[in-house]
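Got some structures for you, see below.
Both of the next two complexes hold chain A, though its partner changes from chain B to chain C.
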Partner chain A sequence: MKVLQKNTIYLNIIIYSVIILLIFPLAVMFMWSFARSWPWPYLLPQDFGLRGWKYFFNPTSKALFTLFLSVLLSLIVTIVTLVLSIPAAKSLAFYNFRGKAFFEIFILAPLIVPPIAVAMGIHVQFIKLGLADSFLGVVLVHLIPSLPYGIRILTNVFQAIGEKIELQARVLGANWWQAFIFVTLPLIAPGLVSVGSLIFIISFSQYFLTFLIGGGQVVTFPMLLLPYIQSGDRMMAGVFSSVFVLTALLFFIIVEKTIKSHYSSREYFYF
Partner chain B sequence: MKKLAIYFILLLFLFSLVGCSSNGQGSTKSLEEKTWKEIVETARGTTVNFYGWGGDQRVNQWIDEILAPSLKEKYNVKVNRVGMNIDDILNKLLGEKQVDKKNGSIDVVWINGENFYTAKKNGLLYGPFTKKLANFNKYIDKDSHDANYDFGFLIDGYEAPYGKAQLVFIYDSAKLSNVPRNYQELLKLAKENPGKITYPAPPDFTGSAFIRNMICDIVGFENIKDIEPDKEKVKEAIAPAIEYLKELKPYLWMKGEAYPATVAQLNNLFADGEILLGMSYTPYLAAGKIQTGDFPETTDTFVFENGNIGNTHFLAIPFNSPNKEGAMVFINHVLSVEMQASKYDPNNWGDLPVLDNSKLNEEEKNVFENIKLGKGALPQETLLSHRIPELPADVIPIIEEIWMENIPKKGE
Partner chain C sequence: MVSIELKNITKSFNNNKVIDNISFSVEKGEMVSILGPSGCGKTTTLKIIAGLVKPDSGEIFFNGGSVLHTPVEKRGGVLVFQDFLLFPHLNVEENIGFGLKMAGVKKNERKKVVAEMLKLVQLEGYEEKYPRELSGGQKQRVAFARALAVKPKVLLLDEPFSNLDTRLRETMREFTCEIQRKLGITTILVTHDKEEALMSSDRIIVLLDGKIKQSGTPTEVYFKPACLRVAKFFGHKNFIEGIVRNGVLSTAMGNYPIQGIENGDYQIMIRHEEIKLKKGTENSAGIVERSWFAGERTYYIVKVKDFSLHCIEKQNKIFAEGEKVDVVIDFNEGVFFKKENYCR
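Up next is the complex of A and B:
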């Protein structure tokens, strides 16, 4: 009993120090968004101001509109990625076909090859296809860093639940569509939530690809944020970064809550 | 199913081939023949995509809240400001040039110096167009060095001036009573306050400008302005300045072994009170920063007695701008007295006007004179009388290289 208590204390120490290490920089960032002057060696800002937040909420800065557009874009990318990943992951998990090992590696290629090398070529092709400077083009290019995660993680999810339950449904007379909707989908739903959240974050934080393919015509939130970080305007950077983190966090919480409340009474045998 | 997929892919490829050839001739041919009135008429109701650096909230706000509404009201032209670094803009244009895309998305670019040199050399710009602009003809001194050369490179009507910038040093009068007026006094100050002076490392734009400023102060602008872009020759010419920087090095912040990577970091160090001198290529940055509260009220600026280097920044039109008429109206309006004056006001931006004072009438002169510069700003006359032109664009990378090889090295 005592050993167990001691262990919990150690565990708590570790957990809380990790939380503090994560929260502390964010708190500093949030304070910078209000800090007019924060010279060394003071622990707290010496003067506060609302210049950054005023500019953020001012309609002429288009910051709120850009945020909305950015969330919409990332939502679309998330949905498209999931729709493409489910069949691909299922095939990789359950079926044997020629070159399967090759495809398993090949799918991870976008994580191995640096995106800049590929993106330049894609940009030229997209200009020819008329996809550059368009919303559709940006959605397509965001799929490149998103798909490997989507397929890879969902493959593991499928492997964990196995094929048997779905086959059971088929044996009992469900067609493949019913089996998918009523059996497979609920089973993989928690997996979809984690993958979806991850992909949302990946898409939401893309800077370079959006920049290159969107060409300034599709403006996402990181594109407003980066210039202020580069120019060293710590107040503006604090404001935009805080909103960035809060948006991602809010998305996590909303998705997590809605799905969890749906399935609260059940337990899952994977994870 | 499989066949369908193959057909689909083939179709995509086909589209990609068609895409290359379908764009027809734009209206550029007739544009050269149009009068200014016709250009203004054509521009009505259009949108201008303005691409430029977006890292200064006050500049962004000036464009969004003063320039854009005024253009809308006067010419019914809408402005879409896109914040993008010039390197990225040039990359985008180069990509579009490569596949010969005739209908681009950028109408006006904020540009100068070596970027203009690159853009013009690669045929990324439309022009010459400045002679068409009513306000350019009315207010700009066409014979001046500033209107003809951008970093020593012939402009040829491919860009119109937007504003003037000049390197200034920033200090806190509460902490420093005597400011250094030349390179010797700066060295003396550094020796008296070791670790309290530094400058951004090139290729930071302002850091590079600081080094050129020291070169001009030590060697003299006249002795270096016509130098060939040959490394050995440049090395020989600027040798005294490099020797000086070596002597200065041990008294710098972090003993000169590390330098702020950007001017923003330098000015943040200044704001935090860690160093004595800030600097900026925007002469009224300090005035603005006092207002936003980043710099203390006692902040002030100065230039060397023999002058500080300054340059002009410009607006250009890309070769594939879909709305060249709108772009011209935009640039023309930027050159109006009203816009130049509100841009000059440190409450808005604090950028030096480009209009020729002798071409303004009394009323127009008054508009500029009535603007209060406020704390931390040097009067325009002081800046203009202490102004050294920029060195040729192709010499700058060589100077940066020589600095890299000689100064940051350890163990000297």
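Up next is the complex of A and C:
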């Protein structure tokens, strides 16, 4: 009993140190967003101000509008990725077809080949097709780093639930879309949440691809954020970084809550 | 309820013939077992009947009408898989009502059928439970109830008892047979367990390497196996080579008079319960090599010359290992296999 208590104390120490280590930089960042002056060697800011936050909420800065646009873009990318990934992952998980091994590697290629190399070539094509400098073009180019994760992870999810459960639904009289809606979709929902969150973050934090294909016409949140970090305006960088983190966090919480509350009494695991 | 007929069904996976030109029929309300070792193509056969797998060639008839091009969900053959496959996100009531919901049956109506089914499988009051809260046997019952709720034309059971422990397996087998008889539903059971097939079915189809080797009532296939491999599959172990010449059988153990068998070379199968052991003398030919006491009976291996014979004796005859015994074999009770019936 004593040993057990001692162990839990050690365990708690480890857990809290990790949490503090993770939260500490965020806390510093948050403090910077209010810090008018924070010279070395002081532990806390010496003077506080609201210049950063005032600028952020000022309509002329267009920061809120950009944030909204960015979230919308990432949401669209997430949904498109999921819609494309579900059938692709299902066929990779369950069916045998010619060239399957090739496709499996081919899908991961964007993760192996540097995105710059791919995006350069795509940029030329997009200019020819008139997709450069457009919202649609940016959505399409964001699919490049998103799809490998979507397909790869969902393939594993499908493998975990297995093919037979859908066959069982079919045998009981469900046609293919009923089997998908009533059996497959609820079973892969937890997987969809994790994949969706990941894709959202990938798209939301994308700087280079947006910059290249959007050509400055499509401005997303990271494109506002980066200049402040580069120019060393730490107060503004603090404000924008905090908003960036809070947006992502809020997205996670909303998605988790809506899906989880739907299944709260129906907790289950992949089997 | 329908009668089912399969005609010249063939199926290959990657150039590997899993099912090789099989034909059989199942009468209305009959319970038929497809018996064979794992990998003999029996599950594929079930999937073909259900419509989950398309055969390369052949025809399937329900009540005389072809269903080859009827999609799975309209065919009405309900498969119960080995691992039950209850929907983990639905409770017992929703699981059982699933097929009805898909068919567009109204909620009140569904509730009535579900209650009826739960009563049938003796699980009243379990409506709100989730599959993870159920024991193996209960899951099995829910799986049955779910299959029966849609009033299937044919019930297809794929090794339904092999995930249960021995005692539960017996109970569930009796339970299933009882329901099957009560509802008179056409049922095809797939199993690798010979005892399960013998005890639960009206007819047994023995499937080896994708071919039907024998089909008949349990007593027929047990007492008169059509070939050597079927015999071996049923656990028969005593095979003796012999030559018949004009009513005399010559074996390495000696010569015996025999009736009604034409001249030729044979492998003769003797069921182990057909061999009688008697207390021997110094001159007796048999020596008890091994014995296993199993309560109501005892198993022996008795060595006669070069033969090791497997025998069963009732408990009132107990012989020690190494004891000399007289072995009485009535070869007229044996099953004679000609060379062409070895079917290796």
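Going forward, the second predicted complex is superposed on the first by the 263 of 271 C-alpha atoms of A that agree within 3 Å, B and C clash if a C-alpha of one lies under 4 Å from a C-alpha of the other, contacts with A are read in each partner's own complex, and residues count from 1 in each chain.
The rule is short, and it goes like this: a residue touches a chain if its C-beta (ideal position, glycine included) is under 8 Å from a C-beta of that chain, and two chains touch if they have at least 3 such contacts.
Keep in mind that this is a model prediction, so the values were computed, not measured.
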Next item on the list: Would you mind checking whether chain B and chain C clash or fit side by side on chain A after the superposition?
Entry: fit
Notebook entry, point to check: Is A:R51 contacted by the first partner chain B, the second partner chain C, both or neither?
Noted result: first
Next item on the list: Classify the contacts of A:F211 with the two partner chains as first (chain B alone), second (chain C alone), both, or neither.
Entry: first
Check: If you stack the two complexes on chain A, which partner ends up touching A:Y149: first (chain B), second (chain C), both, or neither?
Finding: neither
Notebook entry, point to check: Mind checking the angle chain B, chain A, chain C on Cα centres after superposing, to the nearest 10 degrees?
Noted result: 160
Notebook entry, point to check: So, A:G173: does it touch chain B (first), chain C (second), both, or neither?
Noted result: second
Next item on the list: In the overlay, answer first, second, both or neither for which of chain B and chain C A:W32 touches.
Entry: neither
Next item on the list: Give one of first, second, both or neither to describe whether A:F158 is in contact with chain B, with chain C, with both, or with none.
Entry: neither
Next item on the list: For A:F182, select first, second, both or neither according to whether it touches chain B, chain C, the two together, or no partner.
Entry: second
Check: Regarding the shared-chain residue A:V124, is it in contact with chain B (first), chain C (second), both, or neither?
Finding: first
Checklist line | Which partner reaches more residues of chain A (counting touched residues only), chain B or chain C | finding: B
Notebook entry, point to check: A:S231 contacts which: chain B (first), chain C (second), both, neither?
Noted result: first
Notebook entry, point to check: chain B to chain C: minimum CA distance in the overlay, Å?
Noted result: 20
Notebook entry, point to check: Across the two complexes, what residues of chain A are contacted by chain B and by chain C?
Noted result: none
Next item on the list: Give every residue of chain A touching chain C within the complex, in rising order.
Entry: 164-165, 167-175, 178, 182-183, 186-187, 263, 266, 268-269, 271
Notebook entry, point to check: Which chain B residues qualify as touching chain A in the complex?
Noted result: 12, 15-16, 19-20, 49, 51, 53-57, 60-61, 64-65, 68, 82-85, 88, 91-92, 95-96, 98-99, 101, 105-106, 262-265, 267-268, 271-274, 292-294, 296
Margin query: For the complex, give me every residue of chain A touching chain B.
Written below: 36-40, 47, 49, 51-52, 55, 60-61, 120, 123-125, 127-130, 133, 211-212, 215-217, 219, 223-224, 227-228, 230-236
Checklist line | Partner chain A, residues of chain C touching it in the complex | finding: 50, 52, 71-74, 77-79, 81, 83, 85, 87-89, 98-99, 101-103, 130, 132, 146-147, 150
